Structure formats: C-alpha cells, structure tokens
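In what follows, a structure is listed as structure tokens, so that the remarks can point back to it.
Order of writing sets the chain letters: A, B, C and D. Residues in each chain are counted from 1.
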Amino acid sequence: MTILRHPDFNAPELANAPDAKFVAAPADGVLPEDFFSTTNLPTYVRIKGAWRMPREPRMDSALVLDNDGLWIREGRKLKKGDMVAVGSAEDGSEGIYVHTASFLGDEEGEFKFMTSEVSREKPIDYALMAHILIEERDRGGYPIWVTGPALVHSRARADMVWFIENGFVSALLAGNAVAVHDIEASIFGTTLGMTRTGEATTGGHGLHMRAINKVRAAGSIARAVEQGVVKDGIMHACVVKGVPFVLTGSIRDDGPLPEVITTEKDGSMRELPTICVDSSEFVVSKLKDRGTHQAFGVVTNAQDFMHILRLYVERELTDRKSEQPSAQASKVRV
Amino acid sequence: MTILRHPDFNAPELANAPDAKFVAAPADGVLPEDFFSTTNLPTYVRIKGAWRMPREPRMDSALVLDNDGLWIREGRKLKKGDMVAVGSAEDGSEGIYVHTASFLGDEEGEFKFMTSEVSREKPIDYALMAHILIEERDRGGYPIWVTGPALVHSRARADMVWFIENGFVSALLAGNAVAVHDIEASIFGTTLGMTRTGEATTGGHGLHMRAINKVRAAGSIARAVEQGVVKDGIMHACVVKGVPFVLTGSIRDDGPLPEVITTEKDGSMRELPTICVDSSEFVVSKLKDRGTHQAFGVVTNAQDFMHILRLYVERELTDRKSEQPSAQASKVRV
Amino acid sequence: MTILRHPDFNAPELANAPDAKFVAAPADGVLPEDFFSTTNLPTYVRIKGAWRMPREPRMDSALVLDNDGLWIREGRKLKKGDMVAVGSAEDGSEGIYVHTASFLGDEEGEFKFMTSEVSREKPIDYALMAHILIEERDRGGYPIWVTGPALVHSRARADMVWFIENGFVSALLAGNAVAVHDIEASIFGTTLGMTRTGEATTGGHGLHMRAINKVRAAGSIARAVEQGVVKDGIMHACVVKGVPFVLTGSIRDDGPLPEVITTEKDGSMRELPTICVDSSEFVVSKLKDRGTHQAFGVVTNAQDFMHILRLYVERELTDRKSEQPSAQASKVRV
Amino acid sequence: MTILRHPDFNAPELANAPDAKFVAAPADGVLPEDFFSTTNLPTYVRIKGAWRMPREPRMDSALVLDNDGLWIREGRKLKKGDMVAVGSAEDGSEGIYVHTASFLGDEEGEFKFMTSEVSREKPIDYALMAHILIEERDRGGYPIWVTGPALVHSRARADMVWFIENGFVSALLAGNAVAVHDIEASIFGTTLGMTRTGEATTGGHGLHMRAINKVRAAGSIARAVEQGVVKDGIMHACVVKGVPFVLTGSIRDDGPLPEVITTEKDGSMRELPTICVDSSEFVVSKLKDRGTHQAFGVVTNAQDFMHILRLYVERELTDRKSEQPSAQASKVRV
C-alpha cells in the first residue's frame, strides 16, 4: 500500500505561502461563501506560519479551526460562528496545499496503448488483494463488506460464510434482500424460489416471504438463529461470530426483516405502465426476474432516451392538433 | 394496454372448487404458517361459493378477510387475530385462483429465433410509450418518474424540464444526487464540476458542495427558487409547477439537501483499501469518477470473485504456515 | 448431458403422416422455392412410409435425398437437380417432424421469479463444466477452444497453457491478436506494451510489432519455437503438443503473423473522424486503448443512435437553408 | 476538428538532434531489429539536417526512405534491402520526433471529478457529429460506415436508408448478416423471423435462408434489386445510389450472399457442449437468440473463468485419483 511522503515545505511556493484565512459560519449547518471544499488527498493548512494536517480527513467537507485544533467537518454539522477556511487554490497560494502527487500519478502526454484504468482486459491481482486482507485482519483492522443480493443468488454464500468464520469480516453492510435470500436459502434451499442449480420452482415465489415471516415470528435474526430456525449461512455466521451488520431498507422492500433500518411508508400499488431504462440488459432482466413482467425494457443511455421520448411525444401532440377530432388509438406509428 | 378478461367460472375446476380457508394471525406483524403469498397477477378467492377479487392488490403479501371485505395486506401491517387465507395452490383447488393467462403468454416449446425478452437487438416502440404517456396525462393519471443522476450528467435536463412543464410528471422520485447536480448546473453550469461539453474543470470538485450550501442557506429548495438562487432546471420546474418530489438519502450523501429523507449517521472516514466488484466497467469507472481513485476495480460476477479471492487467501495462509518465520511482503505471487 | 429419446411414431399424427416431398434444385447453389429450412433439433423425414434421420445435421440448411441416402446440405453446395425436401410444417403433417420436445422444455404460463436464462444472478456450475471437459478428453472427443485477446491481456495465459498441456484442447481457433500478444508476452513480458501488473509502458506500443517481426524472420510460429525465439505460452504449447490452430485475420490486423488466414487488402489510412457506437463502455474504451484516441464514444443502442444523429443532421440542414448565407461553424447547438 | 501546429524546430532538443539512422531490411517482409514502430501521431524524421514528415502515415508500421522520398510502410510489404529507420526514442534524440502534444492533452495530477473519457454519464454532442458529417459530405469527403446487424434488428434501417439517399454514405462495410437481414426485412418484413414489433414468429427461423436463396437465384444483390426481388432497404439504397459496399464473411455465415468475401471452409457440425464466456449478458443471450440453446452462459471475465475452470478440473482429477475405481457421474459437486 502507498506510504505518504510529505511535500517539500522548503520549496519557495510553500515556504512563502500566506496563512489560511478563516471566516465564521453564518448559520447552523451553513458554510461561508467561498469555503474551501476538501478532497480525499492529504491536505496541509498554514496556521501561524506552520503547515498542519487536519484531523478526521473527509472529502466534500470544510476545514474548521477551534480550540482543540484543526478539523475536517461536514457542513451540516457546523454551528453558527464556527471558523471555516476559505479559498479555492489548492497549490498553497492561499495557505492550503493539496498534495496531489502523493497518490495521483503524473500523466504525461505520451503515446501508449492500454492506458484505461479499469477494463476486463486488465489483469486482476487477486494475490495482492488477498495479502492486504490478511494483513488487515492480522493487525486488527476493520474490513467492511458491502454486498448485494447477486452474491447470494449466485451461490457465493459458502465463500462469504468462510470469510466471516475466518475473521475477515468486521462488519457487513447490506440491503434487506441479502439477508432475506440468505435466510430463505438456509430454510428452503432456494433464493427467490430458484434452486441451487438455477431452476425456477413452482410456488417458489412465496418462499422468501415465508422466510421473512419465520424471522418476524422469532422476533429478530439473532433469535431465529438461537431457536434453530436459521441453521447456516451468512446471517447465521454473523450472529454466531458476533459480527455486526447493518441492513438498509428501501420503500419497496419485502417484509422487511425485523432489523432493517427503514423509513416507513404507506401506500397501495396498482398495475401501471412501467418503463425501465438502463445501459445494460441486466437491469431490465432483473426487474422482470422480480415479477415486473409488464415493464418496457429500453437498453440505452439517459440522454438518448429523454431526447427520443420527448420527440415522439411532441410528434403525437402535433399530429393530434392537426388531425382533430379523429380517433388516436389507430395512429401509433411504427 | 392489456384489458383483463375474467376466467371462465363455469369451468369444472373453478365451479367445483372449495371455499378458501382463513386462519388467524398468531401475533402482530406475523402471518400464520402456510399463508397464501400473493403475486402481481389478478387473483380470485372463493368465499361462500362466490369468486371475489381482493382490494388493494399487491405482490408478496397476504389475503385478509374482515368486516369490510377482502383485502391484500402486507404481513408487517397485520394485527394478531386478523384472518389470513392459507394454501399454496394457485389453480383454484384450495379456493384461490391466480389468473396467469391474463397477462403471461403461453410459451410452447417451438423452435424460434429472437425469443429473448429484452435485448439491444429488439426494436423499441417509442411511439407506443409516447402514446401511453399522453393518454395517461389526459385522463388524469399519475405518471411517476424515478430518475438517477446520469440523466443530469448527460444533459437530458432540458428534456426532463420539458416533460415537467408540459404536465407529464405527477411526482418525481430521486436521490440526493439528482437534485444536487441539477441545482449545481443551474448555478454554476456544471455537474460534479463537468462542463456541458464533458470536460472536467479545475476546482470543479467543490461546486456541488457550494450549490448544496446555497440551498441550505436559503432553507429549502422551494425557498432557493423563490429567492432566485435556483433559476432553472428540474427542481425549479417541480417547484414552479407544484410537482411533488421525494428525495431519498443514503449514508454517504453529500450535504445533503434540506429536503432529503435520511437516517442520520455519525462517523468518520479514513482512507481504506476499497475493492469494487461489478459486471461492467461502468460501475468501477463511476466510483473513480467520484474520487475513489484508490479502488481496486474488478469486472466480474459475485460468484467468481468470492471463489477466487477465497482461493488466494487460503493459498497465502497455507504459504505462511509453511514458510514461517520468513517475511511475507516479498511473496506475493503474480 | 441430454440423451435423446425418439418421439412416439405410433401417435396418430406421425403414424398417418404423408411422405415428404422432394423438388429438384433449379441451379447450382440455389434451392427450390419453399425448401424446408433445418433447425438444430433432431429432425425426422418420412420416406416410403418410414421415418428417417438425415446424416450430417446442420442448422439453416436443406434436406437432400440422393442414392447414398438422406443428408443435410448447405444450399451453396447443391448442384442443379439435387432433390430437396420442401414444406414448412415441422409437426409431421408434410412428412417432416422436428422433435422440439427433445431439448427445449415446455414453458407454461406460470408465475415464477428468476426465469431469465442467463444472468449474473444465476449460479454457474463449474463442476459440471469440468466434468464434461474431462469426460470429453477421456473418450477421445474434440474440445475446441475459441479465444479472444482478453484472455492473454488478463493473464489467463498460464491457465490456457495448462489446459493445452493436459490434453484438454484439440484445436484452437483465434484471431491474429491472440497469437501476437501471447508471443509478445513470451519475448518481452508485455501485451500491447502492458506489463503483467497492468501498467502501460513507454515505448511499449511497438513491442507487438517487434514480436511479429521476429516470427516473420523465423518464417512461422513453429520455426520460431524451434529456434528458441518463442519459449513459452499458448502458441508454444500448441506447437510442442501438436495441437492444430487456426488464426483468422481481419483487414486491419497488425503484421499479420505468417500463419494467419487473410484476404489481402491494399490501401492507405488517413486520420478521420471516427464514431464508435456500442451499448457498453468497454468497446469504446478498447478502441481508445488501441490508440484511436480521436474516436467519439457513444454508449447507446443502434436504434437510438441512428434516430438522433439523423434528427440532428436534419436540424442542421434546415438551419442552413433558413440562415444562408451566414457562416455555419459558429452555429453548433449545445 | 483539431488543426495541427508544428513543433518548435528551434528548440535546442530538436535543433541539435542527429539525423535518423536507416538500416536495410534483411529479407522480404522482415524488418531490421530495432526498427522504429510508428504511432498514429504526427511524426518528423531528420534527414540531412531537415525535419521531414513521411507520406501515407499509418500506425504500427515502419519508416522507409527510397528515391521517391520518405514513406510509412507496413512491414509485410517491404522488400529485402529497403532502408528502414531504426531507434525507439520518440523525443528527437535519435532523429525521430513524435509530436504527442499535437493531439493528446497534457494531464496533470490534479484532483478532479469526472475524468473518465467515455461514460454513459458524459454528454454526447450529436450536434457536433452532425456538423462534421455534413461538412464532410459537402467538401467531397468519404464517410465510411461500419455497421452490425443490431442496426437492422432494431429497425434503424429506415434511418440508414435516409443517410444513404442523402449522400452521407460513401461506402458501407458490413458482415453478411447486415445484408441478409436487410433483405429479409424487404421481402418478408422480418429479421431472423422477428417482426417489426419484436415478436418471434412460427417458421420465422427459415426466412433469412429463403431471402438468401432468392438473391442467389438472382445472381447478385444488384440483380435482385433490378429484378424487383429487393424493393427497399439498405442494400437497395446502396445499389440505387451506386454506394460501394464490402460484405465480409466468417466461417459460420449463413448462405452466404453472393457478394460476401469469404475463405471457403468445409466441415460438418455435430451437437457439442458449448461454453460462452463474456462480460455481459448480451453476448450469451445473442447466441441463444440464434438457436444455440444448449450453450452454458457464463457472465465473467477471461481471467476468472480460466482460473476457476482449471481449479475445478484439477479438483475432479484429484478426486478421481483418490476415489478409483468408483463411478464418477454421481460425484459432481454443487
């Protein structure tokens, strides 16, 4: 992993830089105009002639100076009167220096092939990832896993359990779906009714709801594990190993499971024309795989979709004006 | 649009079906074992010899009979003692009939090309979508738009404003990012610092935070519009036309804007090794485009990633055991 | 693997079917009107009251009867006067029966989740694939591998060599690029100048040309292996193990390598505006990774691109007519 | 469009550079060791103290000096004894200067969002593309279109015809499939049996073969147009407008059409286990949409696929050794 080297503070542009300027926040949660907006790179602030690094570094936030020192704070957490650094220069000329050379490489205009950063044509260094993960575990770090339901559907569940049981997971962040399908797999052997070999099953569409109901009956995931309702899998391993998990909810979540953090919503649903726009077939197929069989699937980008739909709406509106009062239903162009 | 035809209730399997059976919910928010789990297809329930359709249809829920009639209810909303239909047969043989033929076609095992449902090789009927949208507006329907930030970044903003101003949007559901970048575009002409021709700008990374700060200073999006801070764009059009909007938040949202519905979280962030796994280059590029330059990008599926990472971790653990007490850093395989 | 069961020839629709009708081909390489177009499913033809299966089954071809029996032949290979089966019915009613039930399942209109055939959310049965591959090798089958250059770039080269050396590859079909980058990796340790850890190198853009030149100097890939120019890798393993390979060429191939099958083209290239349209970022990034830095990248589908580009061209043409004779360069809309 | 500015030849590193060195090609089609490999950027070669630009610029080729001047030539076209520039420095220090600053920007290590080059989140300037296309047509340029069959399947056919008829297409490069499906659409109104609204049709799988057969019967596409067999569409427009087209073939092409350039192959096809690996669902779905229903679809990258398949093969081989002589079929792991 990259080790930070400090910049050369004796270089003229840093040695001769002025102190940073601080201005009071005009109201709670409101920053002064021209506040300095932080990056995720090492940042140095000149205060009384010395270059200092703020504590609690964070991107898209503000530099705040108080009696305890120099901090990075989110704007929404400020109180009226907090002293906030202002300026936009990142080269030290206004007393703030962002050390870009520390992590970002210097790219020159040189002719090279294969310069894209991420591509299926680039080698993946799994050995390095494995090494970092083991190092992190062994020195008491906090590897956090953010997982989606594809992990459970594709049957990488056993691997995830292995990572939890072997101490590589300090916390799990997931949505309701990950826990639901993991527990459905434990109780019924399916996920959304799909068997471990990928077959959809008759009546399988209700199994995730039955799984949720059993956990609700038990009161919590932990109690469902204690009572033997949930006997294996990711959530089981988290409970047994004491790994904390945060399950976030959405408006449309099934159930949800007792632990899911959600904002309650009320409302009914009626069958509606649904248009799903995405740049890959997958997203639309996923929607249909969840039962929204009536969706229009459009594989395109946002710009083109909006342009063309507007064009067609305008065209039909124009046609209507010129053709009144004839019927419209038969006029759809193909 | 599809018009529903009822099934033939005189067919022997329906005419001779028994009444559906109802069982009391054992606790608040808990369904009886073997509850009938609803679909999104038309459903008929036999009660005292007559086939009835429940009100408030909804998928993944339960059939509940009370003094006001037959309802579909989410399990979490039930009270102890509510009477819930049980059974899993969907063909009427247990008094519940799911009318699959109404919307799902009958697929026979016939040799055909081009049978996939969604593909970039399939024609898109924009004229039909336009027609439905106009019809929906004209008969007082409620077209709801769920949009993501790509819409704003790709400059489909003007088209979205057009749809709002012309009455095609009854409500807007979006995340914090859509409103932030729309307002940034209104005030600064950029989105995440990117110009309308797609160029990243120096210092541009702070502009969305400045936009948020101006709205926070005004107190709300509506007041920012009234005060002339926000002069055009999607949120401006919503405010002016009185179109309601729901902005949902996430843990990591910048700001957020005053109206964003969020669950408050506290915590600091430090630079950490980050691994981003997705089946398309886009997701990883997006992460890097948001400043997470240190992320490992892996273009693969969940199953393969978990398998291989586990394999490499196991391999390094085995190597460590056999090679103690030698140093590890130099042993990374390539 | 699926074992074929014959249909029930005693079923009335087959037992009472007529003989198939054969008509003479009107010219060399031309089929009679209404020829029967074959599928890739088992097919039975009734001849003198008996159901017979044709030899050399093949999709998109014709049924031909000659003195040696019943064959499936591509249309382009027919001679004038060859007797070709006609008809379009596949249910036996015209003497030809396509046995769809043999391999295609019968899909009923039942409500199920997860019915899509291919998805990153479906489990992949690598164990089954491995089993089939081993079985195929052990009973003398012919596993044919068709590979693209991503295999070499991503450093799956060592695995491919392993499969060749262990007898799992009976033939290799690839393009010029696979062999070029494999040999570049053997000689220089790079592919298109990219190191094994994914870094682009200065001057690396010429290394694949130097690799090609060395093989051209040797005369062939086999001789380059014999002379010790190519010491390891995929092509080396093919030569050493005697695995035949077919390298297909394209108009724009670098080199190409001596063995590449190509249709010679002549022509020069000048820098031109290039527009690359694809539904994924990858294809456009790949083009840029090969040096076409000037390409417009458009991530969309064919239909939308054509519609919108035409719209903009029409718009500019209209503008030109109405604005003559003013200059155009400054009129580009944004 | 970018206008090239020459470099400053008075700058010391260019003013004091030596002449480039030329070495004779050792054999026909073979370059000397250390030949200079060209890029697609403007290149200057110092000859007798003067900086000269080669004619017929081309990437991945060599600089050749003969009595007619300085040329860029592909290695395969050289004759023994041709004089070829050698060296790898691109900064003029060996007499060859590659002018990278002309087209490639200078990227500094500055913190910016949205720096990726191609993304669905980037605005597309269709107006600029339209402007370039019109300018190109009006000054007698040669816009070349390279199209795939998705264009025809998605019904962008009418737009393509419009571009041809309005003079925006000087040549068309395509595969057999584009012409076949365009002609199928003209004769039968379908593409691969799919209607213009995207429905697969019974018996439709043979329609493209019938279309091919009609063109073969006519003798060529042009004659099929003359005889009124093909009445509209892309190929029709090309013939009528005299736009040249090149249709390239592949081993597996249906037909092919008379004009398709192909290398003849002979061979039969039997049903085989087929594994299709790609990073998007689309490619696998496309294969199935063409009738290869038995294919294993694996959505992953080349590296992961090879690693995992090898792992599973090794595992089964190990199991076999240790478990002989028991039966294997029942041992497949899940």
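Structural remarks
Quick note on the criterion: a contact is a pair of C-beta atoms (placed from the backbone, for glycine too) under 8 Å apart; a residue touches a chain by one contact, two chains touch by 3 or more.
On a predicted model such as this, the values are computed, not experimentally measured, just so you know.
Note on B-C: its contact pairs, compared by residue number with those of A-B, A-D or A-C, agree for more than half at A-D.
Of the two chain pairs considered here, B-D and C-D, the higher C-beta contact count falls to C-D. Chain centres here are Cα means. That of subunit C falls 14 Å from that of subunit D.
Once the centre of each chain is set as its mean CA position, subunit B and subunit D turn out to be 37 Å apart. Residue positions of subunit A touching 2 or more other chains: 39, 90, 104, 110-111, 116-117, 119-120, 123-125, 150, 153-155, 196-197, 205, 279-282, 285, 288, 291, 299-305, 307-308, 311, 334. Listing the residues of subunit C that touch subunit A in their complex gives 110-116, 119-125, 149-150, 153-155, 191-194, 196-198, 200-202, 204-205, 279-280, 282, 285-286, 288-291, 299-301, 304-305, 307-308, 311.
By the touch rule above, subunit A contacts subunit D in their complex via residues 39, 41, 90, 98, 100-101, 104-111, 116-117, 120, 123-124, 196-197, 279-282, 285, 301-304, 334. For subunit B in complex with subunit A, the touching residues are 1-2, 26-27, 29-31, 35-37, 39-40, 56-61, 75-76, 88, 90, 103-104, 117-120, 124-134, 136, 144, 147-148, 150-151, 153-156, 159-160, 162-163, 166, 168, 203, 205-206, 208-210, 212-213, 216-217, 248, 251, 254-256, 261, 263, 268-273, 275, 279-282, 284-285, 288, 291-294, 296-303, 305-313, 315-317, 320, 328-329, 332-334.
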